[in-house]
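The same chain A turns up in both complexes below, where it pairs with chain B and then with chain C.
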Partner chain A sequence: MAASTPITTKATPGSANRRLRWIDMNNTRTFATTLTLPAQLVLLLIMIFPLLAVVYISMTSWSPTQGGDWTQAYKFWDWGRNYVEVFTDPFFWQALGRTFLIVGIAVPLEFLLGLGLAFLFLEDFRGKRIFYALMLIPMMIVPAVAGYMFWMMFQSNGPINAVISAIIGQPFTLAWLSSEAPATVAVIIAEVWQWTPLMFLIMASGLVGLPEDQMRAATMLGASGWQKFRYLMLPMLKPIIIIALVIRGMEAVKIFDSIFLMTAGGPARATESLSIYMYKVAFQQVRWSFAAAAAMTVLVIMTIIASYALRPLQAPQREAQAAMRQAAETGAAGSD
Partner chain B sequence: METQKSAKKITRRDFLRAAGIAGVGVVAAGCAQQAPAPAAPTAAPATAAPAAATAVPAVVSTKPGLAAGMIGGPTGFEGAERYQYGPDSPAGRAIEALKQLPADKKPEKLIVMHPEGAVGHWSVAFPEGAPTPAQIFEEETGIKLDIVGVSENDQFTKIIQDTTTKAGQWDVYSFWGNNRGTLAESGAFFVLDDFVAQHRPEWDKAYAGGQTTVESYAKYNGKYVCVSFDGDYQSWNFRRDLFEDATEQKNFKAKYGWDLQWPETFEQLDQISEFFMRPDQNLLGCTDIRNSIWGLTNWIQRYASAANPFQGYFDPKTGKPLINSPAGIRATQEYSDTMAFKSKDAVSWGWPEQYANFTAGGAAVTCAFPNMPKFLDNAGNADSKVVGKIRTGLAPGRIVDGKLIRRTLWWPNITLAVSTQTKYPEASYLWMQWANSPSMFTFMVGNPAGYYDPFQNSDFKDPVVVASYHDYHVPTMIASIEHSVPPLNLNGASEYETALDTNVQAVIAGKKTAEQAMADCEAEWEKITDRIGREKQVAAIAAQMAAFSTVVDEPKIKS
Partner chain C sequence: MASIKLDKLRKQFKEVLAVEGLNLDIEDGMFVAFLGPSGCGKTTTMNMIAGLEQPTSGDLYFDGKRMNDVPAGKRGVGFVFQNYAIFTHMTVYENVGFGLKVRGCPEVEMKREVGKIAELLELTPMLDWNAGKLSINDMQKVALGRSMITNPGIFLLDEPFSNLDASFRAYMRGELKRIQREIKQTMIYVTHDQVEAMSMADRIAVMYCGQLYQWGSPDDVYNRPVNAFVARFIGSPNMNFIECAYEVENGQGFLQQRKGGLRVPVDAKRRRLLEDRTGPNNLILGIRPEHMKVYQQPEPNALWQGTAYALEPLGPLTIAHTEVGGDRVQVKASGGYRTRPGDPQWVALDLEYIHIFDGETKLVIR
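For the complex of A and B:
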């Protein structure tokens, strides 16, 4: 065998420059890439990689109980049969519908209560600071603790029934958590109790931030309280309201702790939310690939809903951009 | 040109494309790490499988405090000799085999996963003056023990993590026995057949119920894969003060035509429950639980006793579910109807609520773990209003072909297995054989610092255990073991349980009829079996038949 040719290490003039050309800081693109690379890598690790891993697993029938780790899931590749099963699984759609029902009732209630309370706190009154702090307590309680608390309160011999009994003057012993509709009501009450303070907080900051001069002007022009609210405050609060509803709505879709503690999704599946459904599939039944497909389906559904929900916020931006474009075009035509 | 290129901004599309390519690369790189995956329980290596059983070693004891002929066990307290062992005993053989292991098979330390609530059996010395079991083991073998408490609900997840990542964090796993099939099929458990043949644990002689109990506790698909450290057989408790009250007896006989006593059948139990259902006096008829999953223990008792000698879950030849049958429909209907004798909140009552209610004297009858008399009929329990008022009985059953069939079950049961990831499978197994031996397990089960429950013949003869669990309860515990069936511990047990539970809960909630629930459950079970693999499941179901008790009785009560 011939002797191997030694690698020439002799540098030629200009080679260092060539080697370093790819990090040419005079190049805007390179400069920007270099600066954002760490953030991109972090993003890749914490967002893209898990997402791709979930997509990969969802396309197989792999489960950890079949032996082997997730990297070998390709051995169980089944071209997304899990998605077909998700779409035909009535329990998935029931859980989705139930979750939207809970969110659809709880979030508007939280919003209305939060807005109402925020109005009450607009004016100064004695002990306002203390009440303000008290208002925020439910939000600061660990959801699991709140769930257990409401589990106790909704027992047939618990305080809720005791209060109702006192009001109606006869024994009231409804087993809230043992029947379908009352259990759902109980879960919604717990959710509203815990998260109304967040709405209150957001609405209160929104109201405080409204321009005082316009409010004063409206008062001087003789606008009633309702007129000020309807024609001044509400339009100005609109972006805050939308953001609050979207954020809270997206959070509420993930409802888990309180339901898990209060009913564990029961009786039967009466309060089984999406998160409870996914938990059971993934951790009780250990069907990870099916759970991955269900998670991806939920992600797609939620992304579509969120993009529609945020449209009202984007509309003014689009209108402004269109106006600017039109103005520019008009200006250009004028100069011609 | 260059200026144009430099000025080009990074668009969102550019970024997403770059990130996507990198992401696919990372996933591909992850997939490239192809480690071999055990698809089924791993067999012991050929080197660990000797042709013949170990000969009894000639050993001379040097440990002070041991009785004549004994080679090991606890010392230093009165009665210690009861727990000491000779060389030709399961514990003695295990210790001697451990001592003789070659250096590369003998660990410095064994790391054992254990349910948190049971770690006290290993770490707390009992009785006074006694060493802890961990100290005894280290003293006799030179091997340290690290008994690591793990939250009961985390055991399964940790085993799956350890197995799939091949981390080898544990030598011995602990888990709820219901998960045996699923974990065995995931390749988590070392098959112990060769070790059992070599070191002769003699479980069939040691366990109450003999070989049937061994089949129920230790085997999956005909192979030894685990060892039980618990006797979680569901047993029934009733209020002696109520049952022996002359007025209650007279009124009961007048109403139902038979003498008030512990019942033999569920019909009789339901009459007793109805009789004592007095919510106005804060007394419930019967509080056997009805909550999600755990309540199935009581559904299974009503179901499994519906045929002679037992009503199984599946046809062992085809794997077809047997629940959509008169037996399943009747059990489900009764399970729902008997809600009338419980708290209105029964579907959300777990063990804490049930134990608390019985402690307060809130029920005439209940079904619980064997430790209920130990905790509640206990003069040291200042909160208990039922001290001296409890008696226990074997699960009621049904009369089939003139015979009385009574079936209870263990659930969930602390169970240990040797990890396939351990470097020391034989040492791990030998530790389990030693700890599970009649001498050592009985020594530990009497220790109130943990929640092991007795199940070995030696436990029921031990004065400390009998004093703690009560002499009246011992025959019930033995009879419960002898009349038991295993839970649904096949691969996918949790899925089968969830399907069954959801359907019976739907009947309680009034959303389905019992017939509809069983038909739906049958369909769901069929789907699960087909997805997991019918052939494999049928083999496991057929093997599990040996774990069902065939003991039948003659009915005595004429009601």
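For the complex of A and C:
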């Protein structure tokens, strides 16, 4: 932090001036840094520290069963052999693929359903507010409870099979959760049920915020409903859609609770997601350092994917930042 | 090109009656202004013509064809919104060409048409620009061009110049008149600015509280207002109103001011009208500031003596606020006219141009 010069401190009275000499209040950057310092320290503790701890453990073959706590892990330093094992473990890659399959089906479904429902809620109808509140309930249910609910519903003598039996007119007794493909379908259904409301909420607020006159202008120019959606709504909603998909995608990759309660990753490994895989490695096989390496690998993969997914948003953001900087500079120049 | 006919058009929003039984015949190629204060129903009327609002009752015809059930985009109506409603995520070219694109027009033809419009509106150098970054003035042009491209027979403009700076507004007034002459389309122009309406329109519809008060040429609404509202709304500064009563003394009829007893003689024709009417002797004398003269010395034709109250020097002319017999009137004087508050003043009226309104109904007596 630069010490203040007499010129930059001319506005402050003498005594306060001396006490605050180490903060150059006229330097925006320094001032901002000073104000956010406590928050940055907290962030450092709760985010950076655990991350570094995981990196540290992942570079050793330490395990709590080998005696000594994690600070002693350096005694088992093995230069990242865990990473080689992660990369050569077929179960890791299978879990990754399975997770991406679940996310790749569930999140687009949530998005399409959420968007469709949001369109329905643009119109006025009786009981709209009640339905709006009802729509949000799944999102507010604890995921473990939702998992338990779906576990019960998907039993071979459960309500879902009962409904299907009633529709097709003959007994239907599929053992959803103990057959490979149906178990994955069940997991996806539970996921979609729980998180469509979030997509609905985001899309509904996005649609309400669209400029009405532009829609009317398009109507006057002869655009059909589909054309208005395609040429106006979609491009205008694009930033919101990208953010919603990225947030949901990142969240869904961590899917654990519902799978753990419905199938515990089974049958065999048919629904073993990354989180379930890591849970098993860490707490059933007690391979903590290996689990740490797997976690780091997932983090790197997700960071790469997320930064690519967010790329379309960054150009306007950079422009906005440049504009703000320019405005700040002209503002500062004006006040001098 | 198309003619428009409104037949008892009515629009009710829940409790508010926005437009009340509007009848109007707009000829093909006419330039019409809907003039009135905010909330008078002019925008609602426009939206009903465009198809953005459905009338509660009544019919709408274009070229004799009933249009009530034709959807907004299919009526052949171009619409320029007050805030322009530019598609900010598109380029100028995409904005102007939008109407053709949604009709499935081939790219080559679209390029040619957009090029023509851009030429007409001097937008050619900006075609590749992002429309969201244009100045207000250029957005206005893009909005115009965008609605012109499909060649609509009817053009609706909702207060299109209210956001522009004064000099550009004056320029665009001239431009719009030129464009209307070139494309010869029926244009309806909504405004609350009487200067805009007077200077551009062939016909003016003066509206107030959902009713059509007067439908006529600019000359009509200025010289022959049907009621005190129209008389006051048209012209700047406003027409002066003085409450008075009709009296006869020594065989001479005159209007006598209620507050101060000042008198204005009336000619034989007006006298006949006033003597024929029944009802309370409660009248309003209306006279425009430009039909009065103010003097600092007594003049033979200056009927009234008053006191200077305030002065608005505007450069080419001066508005002299004068108190005559308890009523305050504004008089247009020459640019160099100067006086101090409290100075005596003499006011002459051009009796040819007085208007007499019924004090109860506010309707003109003519």
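In this section, the second predicted complex is superposed on the first by the 278 of 336 C-alpha atoms of A that agree within 3 Å, B and C clash if a C-alpha of one lies under 4 Å from a C-alpha of the other, contacts with A are read in each partner's own complex, and residues count from 1 in each chain.
Here is the rule we go by: a contact is a pair of C-beta atoms (placed from the backbone, for glycine too) under 8 Å apart; a residue touches a chain by one contact, two chains touch by 3 or more.
Everything quoted here is computed from the prediction, not taken from an experiment.
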Quick one: on chain A, after the overlay, do chain B and chain C clash, or do they fit? Just give me the call. fit
First (chain B), second (chain C), both or neither: which does A:Q284 touch? first
When the two structures are overlaid on chain A, which partner does A:T263 contact: first (chain B), second (chain C), both, or neither? first
Have a look at where A:M236 lands relative to chain B and chain C in the superposition and call it first, second, both or neither. second
Chain A: partner with more touched residues, chain B or chain C: B
In the overlaid three-chain picture, which partner chain does A:R216 touch, first (chain B) or second (chain C), both, or neither? second
Check whether A:V84 is in contact with chain B, with chain C, with both or with neither, and answer first, second, both or neither. neither
Looking at A:S179, would you say it contacts chain B, chain C, both, or neither? Reply first, second, both or neither. first
In the superposed arrangement, does A:I304 touch chain B (first), chain C (second), both or neither? neither
Once the structures are superposed on A, label A:Q72 by its partner contacts, choosing first (chain B), second (chain C), both or neither. first
If you take every C-alpha pair with one atom in chain B and one in chain C, what is the shortest distance in Å after superposing? 30
In the superposed view, which residues of chain A touch chain B and also chain C? none
Report the residues of chain B in contact with chain A in the complex, numbered from low to high. 5-10, 15, 18-20, 22-24, 26-27, 30-40, 157, 160, 163-166, 182-183, 185-187, 291-292, 343-348, 491-492, 494-495, 498, 502-503, 505-506, 508-512, 531
Spell out the residues on chain C that touch chain A in their complex, using ranges where they run on. 50, 52, 72-74, 77-79, 81, 83, 85-89, 98-99, 101-103, 143, 146-147, 150
Where on chain A is chain C touching in the complex? 211, 213-214, 216-224, 227, 231-232, 235-236
The residues of chain A that touch chain B in their complex are 26-29, 32-33, 36, 40, 43-44, 48-49, 51-53, 56, 61, 64-72, 74-75, 151, 155-157, 173, 175, 177-180, 262-270, 280, 283-287
